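After this come two complexes, each holding chain A, first together with chain B and then together with chain C.
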Partner chain A sequence: MVQPLSPTAVSKHEAAVAGLDALDLQERTRAVRFIKNNVIGNRTKKEMYLSMGVAARLVEFLFAEDCDVDLRVQVAVVLGSFAYGNDHNIKVLVDAGAITPLLGTLDAPEMKLVEAGARALKAIFQSAEAPHEDVFQASYVESLIRLLTPTTETVGTCSSDRAVPVRVTEVAAGILAKVAVTHDNQMQIARSGAIPLLANVLDARWNASPKVQEAALDALANLCRDNPTISQKVVCCQIYDSAISPIPTIIKLVRDRRPVMRLLAATCLTNIYRAGALPTVYHQDTILTLMPTLIKLFTETAPISTLYGSGWATVQEKAPKVFADLVESSEELQKAALEADAVTKLAAVVIGESAATTVPESNELKAKSRKDAKRRGNKAPPAPAIRVSSCGHAERVTEGFLRAIAAICSLREECRKQVIDAKLLPHIVNAMSHPNRRIRSAACECTRSLSRSVKNLRTSLVDAGVAIPLFKLLSDESDDVQLTASATLCNIVLDFSPMKKTVLENGGVERLVDLAKSMDDRLRLNAVWALKNLLFQADSDTKTRVMQELQWDGLLSLIDDAETGIQEQALNLLRNLACGKEVDIEQVFEGLGEERVLDILEAKLTKSASHDDIVLQALYVIVNVATGNQRHKSAIMNRESILLSVWGFMSHSKSSIRVATIWCIINLTWTDDVGSQERVARLRALGFEPRLQNMMEDLNMDVKDRVKTALTNFGSLIPGSASPGSQDNAPAVPMEIAGSAAGSTVGSAVGIANAGPGPTGGGNGNRSRRGMRGAERDRERLGDFTGASSVVFGSLSDATAPNQDA
Partner chain B sequence: MPVTTERAVEGFNTDRKEKTELVAEVPRRVAPEPARLIDRHCCSLFSGSTFTGEQKSGRSSYDVTVEIQHVDMKNSFLCGYLSIKGLTDDWPDLCTFFEGEIIGPKYSFLTRKWDADEDIDVQHWTRFPEFKKFEHDFNRDGFSYDFESNDFIFMRWKEHFLVPDHRIKAISGASFAGFYYIAYQKSTGTITGLYFDRDLLNDATFLFSLGQHHNSEWFQHLSLKHVPSTSFPAFEFR
Partner chain C sequence: MTSSTQPASTKKTFSAEEWDKKLAEVSVSKQDLNKLVMNYLVIEGYKDAAEKFSQESGLQPGIDLSSIQDRMSIRNAIQAGDIESAIERVNDLDPEILDTNPKLYFHLQQQRLIEFIKTGKIAEAIEFAQEELAPRGEENPEFLEELEKTMALLAFEETTASPLAYLVDYAQRQKTASELNSAILTAQCQEKDPKLPSLLKMLVWAQNQLDEKALFPKINNFVTGELDPVPTSG
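== the complex of A and B ==
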């Protein structure tokens, strides 16, 4: 609570401001001291002075020739005080040009000026919005790094020779932690030699100064974030040339007595692990130490520092986010987290948080929280240039916990089950319409993780009614929310999801097609992904509907998108369109034009030959088109370049691609299809047959089996050599099973096998079945080889089945 | 290990010296893109594949269709729908959703749940001749069945709820309280299964003691064959 200032008091302050313009140095210094004594710890007076325009004048003093060190120190302290924990004030200081002159103080010969300047800078850079680029000009980074080597003496005794007190090292490390925002920033700081110096202060000899160790961990953590090179550097550097990696020291600090130290050490280790730089020898230790530590910190309400962005933060806000970073891409760690009971702990906080009106927090923080609320109530919204993230502590906690939940169940079905069983879903769905966009996004991310499961899509997600809230988020004001919502929708529109219908009925196709035209690559990717999933096993009506909206030109531009990931999805969409009946293939030929379809395939298989994902999809478009009528098959046969590409990919290192190439050949060569003899002859002329024979011993079983089918179509496979045990072919056929499943086909399958080699092999036995669907034909052919190697289950009740030892 | 995007390592993964790093343009840090969830499947076990056949129960048999919805070999997991025709008069077409545990590094032959003890496990698994070579080893410490290189994949299929309406909990004349022991043969695309349900077994034992039931009729068994397909759509979870 603050009393309104009395008129006399105001005039006193006006006098002080006037004093700043005095010619006399002492008078100026007195005025600055007066202001300093008034503003420290007094928010109202800070704002009053700033509104009187003192910032620019004070900044001038930092480099004015007629100001002495004492005055500059006082000025730096005042500026630091203004900046302390208040984004709006920071903006005023930034506009007054405070950053560069403050950076200039870092090289001052007088340590007390360096310290005051550094503290002011640290306060300014606490605001995420403060521009940090200036730090990377001139040699300011080097100046900061010179401060990272503390001496044991105090500033009082050694100020002249610039001995660095450890508390200044702490401030310098704190600044580096805040300004390492971009990859370039990180690299510049690392190149200037910060890494070993920061690692040095983690050494036990600095254990008496835990604050400097915390700051160093914070800096290292931010330098390592998403940066494999720097993470590697940290792992390989040596604390005081000891030939020991800092990792064991950091692991030790994860067990520190102080919660903030534990959090920061855990963050550091997590970032190194995420970057893929943590040596395997430390993995076990990391899991055993990090996981329980982070989980315990879920309920730790200690403040991280007295200032943080627009207010303050607690360990509890940060720990779940670090936990999320740690486990999000590792199944192994998600399992470890599950075993450490993380879901229960997360659920306790989330459910507690929304049930109780009071947030579980310390009294001190409650007081702060009330003050925050008051402040927000009394004041106009902050200036738009620096947008204060208005979410308070409780909201940041909620967001953090939702992020952790989304991460823990992103990859394992058991984890999803636990999240559902913990009854978290209603809270998640509520949070999807929270006013805070970061909470909406985090909640949507939870739904996304949970929706990677056929079971959940059929049950709990339907019961919780996620479809409509999710659909609304597709048009959210926040891009981030749209992004996670569109990613989630990819799963919701799958064939086995009853919510597919809801999405279609609510204009889902239209909205997705809109998003597929977005300027944002990521949104475009999600949209085309969702449309592709929507067309998985879709009927012709749905296909027509999607193409009416998307248009063939729209599909074409996605197929030729600048992003290869989008090309891949668009080709998969084309693959799904061309899958199924002859009319589906015909629709593709008519829509895109026959020549265009072939041009696309040719281009993808040659120009994108190094992109396995694109090649795979292009090959399956061919596979599916090749199930069509003679015209469809001829179209492919007449493009020799496509056939040669297929030939080339038959020796690809990935078995999935090899399988796809063989299916192309199989579908082009079914012996009772019209024109098959010509196609077989043509492929034989191109050298496909010996190539297939070379693949008979492929290490991949799936490839090997398909190769056999293909060679049978060529009529070149000697029956009986297909697989071991097939010599005694006849009695081994699984009579009971085949009898009911495949009707009378068993007999004719044997017939084919016995028909012997030759271009029309099997033709006789099959002539009457010309009209059969491809699936049935395939079954017959597979019967040649597969029936032989005994399904021993002929009769369960009879333990002496004759084929048992086949 | 977490996957990092190309972009995140671009510019320093090469031999280029520091000077080029300075000019390398990487606008902001790029967080690693989460791993893709591309299905790993196996022969005729893939998302969208169908098996047809029958379930025999005593002297009756019923047409069965199994549609595999999702296969994730990496997690030793698959799931799908199992439809039975004519099992009860009220439900001429009964369809359930099931989840399958693939015996391997993650799931052992020992069930340890669903009312199945070791005796039950042995009693059922040994009905599959292919299992016989593991009969003496399967319970040994450190034993893990290698489903990658063997022709047979063993599984347990557990039905969870009805499709389309998962809210229906009970159906008169049918039960899915038990689970299937399953053997799938890659080379033939055939699936055989044995149903186990503790309550049914108790009833059967009782009837057997009265001489009203033949021993083999305890086992309700499933025989299915893959319905081959020649064209292949694809989806991927996001």
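== the complex of A and C ==
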């Protein structure tokens, strides 16, 4: 808000702006200096001058022929000060074309101009919206890197070179820290030789200039982020050619006196660790040093303002995020964090924060809005009172802590228990309806982590009333929030969760079907996944409801989606639809058309033969269809190409696929069923029997047992005598759960002895995937997860920890 | 301290010779002592002395000595009530200081307002408060109380006799000057206070502690640093 100024006040500023056009250089410089001393520290003046249109004029001075160095220095300082205002100011500067001429100053022979120009650039690049790619044009990166070698005062005598003061190195490193956004950015900076120079200033000889060390750590941390190549480079580089890796130095800085240094050193190590580049010899040290340091920083309110300019931030805001990055995919570190009492510390801040801010603030706000309402005569709704300076900070703190909570309990049941015991759940549920989308998203991640526990799904999450707020988040304005919410929902709609009903009653099917048509691959995937879980061992009514919404054409397009992960889930959905009673299979045949069903299966088993996950689901659709009546079984028997594909996959390297093929045979040859003799004869003619006999000695016990059942059906083994001690062979009832823990726990398959193979989809269905927030890297990793029913039970044993990736 | 409460005989006595011998056993490197002195000169702003000392001791001051001069002239400007010039100089020295310290910036503007009021420029004071201070209060409600108090000065004819007299006192300038000085030192990664005075404080504390257990030659005159003879027991 710009206060109206008195006429005299305005006129002196107008005079200054007019002075910019003076022909006399000194007068011009005086005008710029006047503006400079008015705008530094003064938000309202910055906005006022920018609205008077000075930005473009000042930028011209940077390359105008008739401007001397002193004037240019003053101009660069003013531009930098404008950038310390807010994102809007930075946008005005960018639009005025300030960046390129400022980059041009980096090679100036006068260090004063270099310094002012670099400072202005650093301030501009604070904003995420500033076009950081400009730095990667021409040879600006090289110019910045030339500034990374500070001149010590003792060698200041060699005047031929430009002497670089250490504070300029600090600014240059600060710029690199901000512009290393993409993988390409990181690589270009590293290729230009920045890494060893940045490592050099970490050396003890620069301890008297801690800020340059902090800036270098910040730059190294951002260069190493999700980048194994560069992380490796940092580990292997040598400080001043000393043959010593910088890692011990960085570990030492994690114990520095300055909290900001501790935070940045911890960030740097965390990123190297996540990239899988930290040598194992340092792992113990890392856990012992990093973990307690980060946890202590949870309550450290020191500002990191020099790094973040006017966007005032504190160590407390950042520490929990680094902590989350460190522990999110390592069970070992989550255990260590638990032992270091991290949950209690996190809870103390979250609960303290909400007691300190929410309660009084809301009263204050209420009082204020009442006053406002009175003043306005109750006409206009009260404007949301936002305290500009502190409000954003408190919210960022809350967000950071929620992310840390989500991370610490993503993998281990005992961590989840601690989170629940710390009475955090009510705060998490409240935060799910917070006006700030980042807080909603973080809170939703907490529920997702907690929902990976059967116990929580049955009790705590129900008691805390998670379902309805979560459900609202499915329609959130933010894609990120929708994404996390839909991933959480995958667990909430599991068969044994009492919240499944709530979801069904509140229009959940409709919303999920909407999301399944989203343009966003990730949303589509989560939605199909959730629908599939919803259909796991569902009754016919639920199936009908889902298909009324989704429509068979909708399912068809998901089965042929461009993303293989979505194809897999859609086939799994089909498999769950076809599971249960004859009427369920009949519905599938009617809905898609008998020929269409068989065409799909044929296509998936041939064209997608290299995608194991797709093949597996296609095979189980066959398994389930083969539990149907004679017509259903014949449909399969009449497609020779499908039978031959099954025959082919019997020697697949994955036992899960071999098991599925045997189940196909068992169900087709079940001796009590009408027409089994003809089918046995047909399969025998196609050469299935000797192939089964070859599998009698399969190394996988599961496969071996099923093979015996199948051979019994062929009449070549006498029932019961086949495998002594093999209990599940004795009843020889096709109710296979594909060895999935989830299936047998869910257990409703038990007792439907003649119903044929259970929806093994349940096994896979239970699996939920870990966080995808934002990062590409996560998505790549996600592709690998298989058979993760275990996730629900908290072990997520096949989730790839980052350090095992490399 | 209280030798009367305790029989002197329970205390160990060190003669001057013994004490000297003990002191001689402690090796303090010349380099460390020089660093302490340099630290004092730099932080307290003795630029010329620091320069000379650097030449004589061969010790690098670890900082651009001309910045000491700048810092001192900024301090002097505030102490002389010339806030505007102090702001200009600090902006020349490091333009980030005031852009990243809203509280300090507010205090400097508040001091300017006080100077207007002190010199009886009421119209200027009111205009200045409207243009410069009101927006700061709006941005940071925590400044409002201080702002209101300062404005209240205008209500008193004799400010020095008012309950707010402390604002127009010289000590207020000192306070503002120190705050700015600290901010400059922080920006230069320097300590806010020199190490020497706290070492002296530690010396006094240590002597007092030892007093309860022993009789020894003490330093009582911190200007000369002479050891006073051991008080004779009995």
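Here is the rule we go by: the second predicted complex is superposed on the first by the 640 of 806 C-alpha atoms of A that agree within 3 Å, B and C clash if a C-alpha of one lies under 4 Å from a C-alpha of the other, contacts with A are read in each partner's own complex, and residues count from 1 in each chain.
What we mean here is this: a contact is a pair of C-beta atoms (placed from the backbone, for glycine too) under 8 Å apart; a residue touches a chain by one contact, two chains touch by 3 or more.
Given the structure is predicted, the values throughout are model-derived calculations rather than measurements.
Visitor: What is the contact status of A:654 with respect to chain B (first) and chain C (second): first, second, both, or neither?
Guide: It touches nothing on chain B or chain C.
Visitor: Scan A:252 for contacts with chain B and chain C and give back first, second, both or neither.
Guide: Once the two structures are laid over each other on A, A:252 reaches no partner at all.
Visitor: Quick one: classify A:43 as touching chain B (first), chain C (second), both or neither.
Guide: second
Visitor: After lining up the shared chain so the two structures overlap, which partner does A:517 touch, if you call chain B first and chain C second: first, second, both or neither?
Guide: neither
Visitor: Counting residues of chain A touched by each partner, does chain B or chain C come out ahead?
Guide: Chain A has more residues touched by B than by the other partner.
Visitor: Quick one: is A:119 in contact with chain B, with chain C, with both, or with neither? Answer first, second, both or neither.
Guide: second
Visitor: Is A:501 touching anything from chain B or chain C once the two structures are fitted on A? First, second, both or neither.
Guide: So A:501 meets neither chain B nor chain C here.
Visitor: In the superposed arrangement, which partner chain does A:80 touch: chain B (first), chain C (second), both, or neither?
Guide: After superposition on chain A, A:80 lies in contact with chain C alone.
Visitor: Give one of first, second, both or neither to describe whether A:227 is in contact with chain B, with chain C, with both, or with none.
Guide: A:227 contacts chain B only, not chain C.
Visitor: Which parts of chain A are in contact with chain B and also with chain C?
Guide: After superposing on chain A, no chain A residue contacts both chain B and chain C.
Visitor: Mind listing the chain A positions that touch chain C in their complex?
Guide: 1-3, 5-6, 8-9, 33, 36-37, 40-44, 77, 80-81, 84, 116, 119, 153-154, 165, 208-211, 305-306, 309-310, 387-389
Visitor: List the residues on chain B that touch chain A in their complex, please.
Guide: Counting only chain B, the residues touching chain A are 1-4, 8-9, 12, 18, 21-22, 24, 26-32, 34-35, 37, 42-43, 48, 52-54, 56, 61, 63, 69-70, 75, 77, 79, 97, 99, 127-130, 151, 160-161, 163-164, 166, 183, 185-190, 192, 194, 214-217, 219, 221, 223-225, 227-238.
Visitor: Once bound in the complex, which stretches of chain A touch chain B?
Guide: It is residues 181-184, 186-188, 191, 225-229, 273-276, 328-331, 410-413, 448, 451-452, 454-455, 458-459, 462, 487-488, 490-491, 494-496, 498, 526, 529-530, 532-533, 535-537, 572, 575-576, 578-580, 620, 623-624, 627, 663, 666-667, 701-702, 705, 723, 734, 736-738, 740-742, 774-775, 778-779, 782, 785-787, 789-793, 796-797, 801, 804 of chain A that touch chain B.
Visitor: Within the complex, which stretch of chain C touches chain A?
Guide: Spelled out, the residues of chain C in touch with chain A are 60, 62, 64, 84, 87-88, 91, 95-96, 98-102, 105, 127, 130-132, 134-135, 138-141, 187, 189.
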